[in-house]
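Across the two complexes that follow, chain A remains constant while its partner is chain B and subsequently chain C.
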Partner chain A sequence: MEWNWDHAYAVLPQLGDGLIVTIQATIVASLLAYILGLGIAILKMSKSKLTRVLLHWVTEFVRRTPILVQLYVVFYVLPDFGIFLEAFTCGVIVLGIHFSTYTSEVFRAGIENVPKGQWEAAKSLNYNPLQTWKNVILPQAIPPMIPPLANYLITMFKETPLLAAITVVELFRAADQYSNSHYTYLEPMTLVGVFFLIVSIPSAMLAMKLEKKFKQAKTA
Partner chain B sequence: MNEVIEFYPILIKGTITTIQLTVLGAILALIVSFIVGLARISSFAAIRVIAIVYLEFFRGSSALVQMFFIYFVLPMWGIYFDALTAGVVACGLNVGAYGSEVVRGAVLAVGKEQHEASKALNYSIYKKYRYVIIPQAIPIMIPTFGNLLIELLKLTAVASLITISDLTFMAQIIRVQTALTLEPFLLILIIYFIIATILVQIVDLIAKKFSKGRNIMTAGDK
Partner chain C sequence: MENIIQFENVSKSFGDLQVLNKLNLEVKDGEKLALIGPSGSGKTTILRILMTLETIDDGFVSVNGEYLWHEKNDGKIIPASENHLHKMRDHIGMVFQQFNLFPHLTAIENVQQPQTLIKKKTDAEAKEKAEELFHLVGLGDKKDQYPHQLSGGQQQRVAIARALAMDPKIMLFDEVTSALDPELVDEVLTVLRKLASDSDTTMLTVTHEMNFAREFADRVLFFDSGQIVESGKPESIFSNPTKKRTKEFLKKFINNVN
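The block that comes next holds the complex of A and B.
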């Protein structure tokens, strides 16, 4: 089968629209994953053993089951309970929740790496919990977390094509629609692959640079 | 729920297909991991470049796109796979790319003195890696490989989109036929969770077996 530039040019505008949806989904889902992840990390340090054990198994359940099935659950099951959400919203929620179980580990490790003395110092200054977190712990914990969090951002970007399965017209589904109506998979699918590489390879390089930067800052 | 239970024959079939995809995909991923991981530390620049191109290609784009490419685009060039093979190839090549980084990292983590010792014993490069470096690198790889195995299991669900009748595909059939939504999906979520948990246990067992006699140093720490 020959590469046909006419198809390649014709599909480009649709892929452009799709890419915008893909990027929107990535950004919203990652914000959700970060906020929820931080929440889970803090709750996992709770004094109540019941909370910790419960949270452990809930997050393990989410981590050990496929995103695609989770998407189906939210997309098909919620309407039965009278909750009607747009496909895009469903997708973003599922991606956000799924990856919050991963980012929570990053947050937990980052927080645990703050030396115990810092907690004691905050206590001796009579800081309340909010002050302790805001002024002492998080400012020290966050910088080393940035590179792994950036990596999860890239991972989430690569998982967004799954939203196509619940009718979100993002990059992949835009290509698939063109493929189905013009009987050619070659050009649209290749271009989708290229689009992904164009976005994710430079992002991965940037993440690696961040990693080096924060490592240097630590040793300096 | 009873309606869903009546569909148990196809659920069992789907579970078997999912396990097949996972096991075959894992074998391919393991082979690819070692080939690409070792190629990354080759002394020939050309081999290193090919390995990096492979790695960036499979890590840089989405698994679903790769699967569609293998199943729908390659036949246009005369390369035909049936759906199951396409699924195994896509899962294996994708996870293998991530695994190659694990192999490379673990091999590089083996101390310099081990290389020097092999040299002192006049080992060939093959013998050095076969008997000295890789046996020491494997225990380092196992925990991360365990995580990748779970990722692989989750990836097999995506294969339902290229018409492979795995668990996820079967749940869709049940949904369409019974108009039930919660029950079939909840049921397969639990099945996936059980398979994943068994895999985690197996990897833990293997890790324990490999670390036997190797943790003398760390045992003293605590």
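The block that comes next holds the complex of A and C.
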């Protein structure tokens, strides 16, 4: 088997379209994972024990089952119950919900790391709960959360090929389609790998840099 | 003079530990009070109840002529709503043992932000007041530093300025020098002495600094096991304590007393 540049050039436009879908899926799914994760984290600190226990088991359940199975259930089983969703929508919802169970732990740890005295100081100055969150708690909680949240973003980016299983033509499936019709896997799959590396390596380096920067700020 | 603070039969427990046992306490407007006594005797809990950081189990607390933890609704007395507590907190300011400055804000921002957020002052008004207070606590040149760039004593003086900026009728000082290195204690106590002699604000301080309590206070309360064992003018408590428990407690501090 030899590398054939003709195949490599021919597949590029399709990979470009696929990469756009991959990036769109990553952005939408990560936004969902962040927003939902923050919501779960706040609800997990709720005074109601029922809420806390319920959320604990729901998040455990989501986290302990494979994403692929979740994708199949949402895409192929829900229609039996009259719920029809587009493949892309299904994909980002499943990916977003799955990773929200991880990001919620990042949010929870970040919020719990703000000392109790900060809440008490805010109360003693008569801040209402919204003012306390906005002006006191989140500005302290968010900076240390950024590196782990960035790492989850990269992981989600890397997991998007799973969406191929439910017919979403993202980067991997675009290559796969070319491979199937031209009987060559070498060029398309190599290029897919390269595309993923080109995006994820600089992102990972940036995340590491942020982590270092935060650690320095903390010890300063 | 009117009582600005009144505790009537107030009880408070943490689990099995009863920290206040049917406590009665009256504080006059403008009075400077020092609360002394062994650790765990309930002194700090009194301040925390007034700041609404701890609830009460039983009894009534009044501040400025109104119930703190209760309110009247159709002639009935019901537990206070968050709205009522919010209104009442306006009268009270507190300085904590651990300073609790906001680390992401500079010293002066710590003093300005509550004024603009809560007192609805303009940035210019808040800044003017903050600068005035920094001058008062002797930190004019440190106002743009972040808390971690300041010593403990300087941080605590910023915290005092921050509480004062809200113009509370009542100031609570909770062991404000306990977390400080010994050489930094004086700079904070000097500020407190100045405040006590210059202002009409009612002040309650929990302290283990007996010399300071003697100079600062109009009245000293000695606490033990959730009750006031003895109270009176500083001279009489420190020089002629009548109760055995007070004498025993003060003996431990004998080096600090004279």
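We take it that the second predicted complex is superposed on the first by the 220 of 220 C-alpha atoms of A that agree within 3 Å, B and C clash if a C-alpha of one lies under 4 Å from a C-alpha of the other, contacts with A are read in each partner's own complex, and residues count from 1 in each chain.
Convention: contacts are C-beta pairs under 8 Å (C-beta built on N, C-alpha and C of every residue); 3 or more make two chains touch, one makes a residue touch a chain.
Just so it is clear, the structure is predicted and the values come from calculations on it, not from any experiment.
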Contacts of A:F214 with chain B and chain C, given as first, second, both or neither: neither
Partner touching more residues of chain A, whether chain B or chain C: B
First (chain B), second (chain C), both or neither touched by A:Y127: second
First, second, both or neither for A:G117, with chain B first and chain C second: second
For the chain C and chain A complex, residues of the former touching the latter: 51-53, 86, 89-90, 92-94, 96, 98, 100-104, 113-114, 117-118, 148, 162-163, 166
Chain C partner contacts - residues on chain A that touch it in the complex: 115, 117-118, 120-121, 123-128, 131, 135-136, 139-140, 220
Interfacial residue positions of chain B with respect to chain A in the complex: 56-57, 59-66, 68-69, 72-73, 76-77, 150, 153-158, 160-161, 168, 171-172, 175, 181-182, 185-186, 188-189, 192-193, 196-197, 200
Residue numbers on chain A that touch chain B, as the complex places them: 1, 61, 63-70, 72-73, 76-77, 80, 158-162, 164-165, 172, 176, 179, 185-186, 189-190, 192-193, 196-197, 200-201, 204
